[in-house]
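Going by the order they are written in, the chains are A, B and C; count residues from 1 in each one.
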């Protein structure tokens, strides 16, 4: 493909990806609306203020926000064609992301173990699904990052990887923004 | 051909009762009149559409030998005056309809009580699978699938369900409203004459849905009082045991009962309320039979998402 | 055994004669198709030409074939329903068990909306949009293929339910708590959920695909306000799809979590809120009906201008009307449940917003009528479809405005009046529009026209059949008849149901004629051949390429400078391309991954429905692996050399 066609392809993919992000926004918006309507439907059980630990949530937030920072650094490294640096920062992102997921799953496990699983009340169904949906997106993102890093390691075709990693960064930052909403609406406002 | 059509019409229309167009209650009458008014207003726009459609199709068809030279203007595609007309007139009509919609949305709001010198009769309705339970808390009686009411008397319904969502509807008397578990919706109707009127559920709630019918018996005051008296002495008792039997899926016959438990309706609604805490009831107000508000409820209507 | 086959057992096989007949018939037809393919040695052809194609035109044809087959299925459902109600009055008999009846109307609605209407819509998007904007294909050809196979997977699931398990009985939108485990523990509702969920993802991705296609792939010089109006209608539709479908995904997703994981979003207990489901799904559902009808509007804009041989009246206002309808369709959803008790102010707001949509819609009608004015109208089949649409859809619009008044809706909601209204606008608007579109663009795809007289007669039968089938339903609604009844006890209703049943048969004849038209035209294709590529003396770019359109659509990328570019080019004199005008063309390669992803999704659906957890895991992993494989695939294109293009183009044009 010539340069013009590559630019066209990149343009289309960028617009298409942003369009996809918008649809993902709508999906999260639906789940946020659901959560806000159901957050008091505790079926006589405990609510947000009893169950959530703000400190723990803050830790999760720090992990995720840092991972966004490392993604930014990875992007820079890629643009400067520094392959090893790029892979390093991607690895850091993956480690932070995995830590985030592990801690989140731990929170879920504890809640379930104490009898406050998603099947206990509408509030908990909404909580687990909203946060879980975000976590699932993170998991997909981690898989994506691994595949991208491996692709670069194997092929070394920088131009295409730059384009694809650009899309990945958009995705990852988007999940960050969603998490900030989750932190605010679910944890901070819930505990207040 | 015309005879055949007329005959067809006679056959079709014999015995037909257009419940909605031949109402027996004030609410339904207002709604019928509203339909006529609205249809007429819409007709202002629609009739010319049909006329022009037919006329232009005929006049400008390709094989029209009577067409003049000036009749084909392939580049003519704009005309400000016409656009002003067919934006302006519909906007005006919709504006009128909007005002009508606003006003009648309030005047015919199911939650609005009917003003009358006659005392209102309270009826609590529980939609079950697949029957209707009617409780008259002030009168100590209850019925299944039959709804005797005195004519020319406002009836105030508080409606709930112990089953998937149904819809309480007496077409000849007026509006329908959903019967939902854990919710209490309200409706006011009045019959302006005696008679028997069909009542239905208009929302599917399972296999027996088609049989979820009830009959409204609009009676004279005297007849109604007589029925109440006999039901109050009825051997059939509406208590928890009877209710439990009714709540199991199945059909039921028209029966009158002596009401043993005045709080039966509240119990049914509260069965589902346990899931929600303060400030969470959405759609449908929670109102005691006498109209006062239930404790621990916030009215929060579903104003979209 | 349970770990292997989940909750399946023999009791889920059909037991009444009708469903048994269908359950045996369908696999028999499949076997016949497999046998034919084997006998005629067409497997390779099927694989390389159709299953692995990423060519939008072929994908469009596949959508259309599936949609028409599903139209037959949905129509058969309708016939069953009306035959049933014609004889199930007082003193009558029940043709089917109530449970079957309820499954049939649920399947009827689900199939018609999701697989017929959406299927035909995507068919026409694929067939017409790239050609109309001067592009070679859509923005994401692979995604296009994947979307089709997801749609296909959903279609298989719906039909599989007929053979084993039964379908949902909760209506096409499946309101809880009726569709929750408490009242509906069996696989029927799950079939409904997963066939829609999977097909829905396909639809969403197609929305993104066509949105980007229209924004980024238009020919040079084709500014937005110079696009054909059909493309505008697709454009606003894709915006609606992208914004609304995630809400369907969310609703179905939460219901599936309730059913699979014991959650409580919409259950009767533990705080569940069924009213929230109704809000969320209608927040999707209302935009959905505008998604369906706006492309039909676009088709008619093209058809009327072409067959009246006249420029479309008021192009700009048509565009603004489409945009207005798009915006308003997001703020009216509550009118589907005025009777849920939201209060006078809320009802009034949504009612007024609803009737406001009538304004731009009415404007469009006027614009079409005045396109006819001082035109020279050739009443070929597409134009006849337009006339049928104009009459039918307008009546539907009238009853729609009537019902937008909350106080009136209280008396007609969920009655047969409502059923008549929505069939009025869907059949009159969507179906007539899409059948017109298929007829209009058929020659571009296949190189010969459909037989015109059969097409016109199909339209007449649809029109008369529609009136017979649905006008009585308006009357029934006014008589207090509610929808979805499988028996009733008012004898006065019987004649109306009988006339309606006759109407369905007449519609069936209309559909039969349409299909006959296709087969007959294939048989007579030599006499119906489209030799110029421009059988209707068209106005837009697709008519500038030979028929059937070559794989690459345009040998030379066109440049555009005005609305109806092709029409005016013909008047100015079409220039013959010189040798040097031909350039190499890069085309996407075929791929099997779209199909494989669709099949993995199908397997996933089966696993989730029947609780076959190993299948869920295997198919999910497979799905992920296929997606990763595709993302690693770098050699996805092949080049057609300029010389080859020149040779093919000159040959097709007979130069």
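Everything below uses one rule, namely that a contact is a pair of C-beta atoms (placed from the backbone, for glycine too) under 8 Å apart; a residue touches a chain by one contact, two chains touch by 3 or more.
Note that this is a predicted model, so its numbers are computed, not measured.
In terms of Cα centroid distance from the overall Cα mean, chain C ranks first. Of all chains, the one whose mean C-alpha position sits at the greatest distance from that of subunit B is A. Across the two candidate interfaces, B-C and A-C, the one carrying more C-beta contacts is B-C. Chain geometry summary: the mean Cα position of subunit A and that of subunit B are 47 Å apart. Work out the mean CA point of subunit B and of subunit C, and you get 33 Å between them.
Subunit A and subunit C have centres, each the mean of its CA atoms, that are 34 Å apart. Residue positions 264, 269-273, 276, 280 of subunit C are each in touch with at least two other chains.
Counting partners per residue, subunit B has 274-276, 280, 282, 305 as the residues that reach two or more other chains. Touching two or more other chains at once are residues 30, 33, 37, 41-43, 121-122 of subunit A.
Interface residues of subunit C facing subunit A in the complex, by the touch rule stated above, are 139-140, 204, 207-209, 211-212, 215-217, 242-247, 249-251, 253-254, 257-258, 261-265, 267, 269-273, 276, 280, 586, 624, 628, 631-632, 634, 637. On the subunit A side of its complex with subunit C, the touching residues are 1, 5, 8, 11-12, 15-16, 19-20, 22-24, 26-27, 29-31, 33-34, 37-38, 41-43, 118-126, 128-129, 143, 147, 151, 155, 157, 160, 164.
Contact residues of subunit C toward subunit B in the complex are 98-99, 102, 169-171, 175-178, 183, 264, 268-276, 279-280, 283, 308-315, 317, 333-334, 337, 339-348, 351-352, 355-356, 358-359, 362-363, 365-366, 369-379, 387, 390-391, 394, 397-398, 401-402, 404-408, 410-415, 475, 477-480, 482-492, 495-496, 499.
Looking at the complex, you find that subunit B touches subunit C at residues 11-12, 14-21, 28, 30-32, 34-35, 38-39, 42-43, 45-46, 49-50, 52-53, 56-57, 60-62, 70-79, 82-83, 86-87, 90-91, 94, 97-98, 100-102, 104-112, 164-165, 167, 169, 171-172, 174-178, 180-183, 185-186, 198, 200-210, 213, 272, 274-276, 280, 282-284, 301-305.
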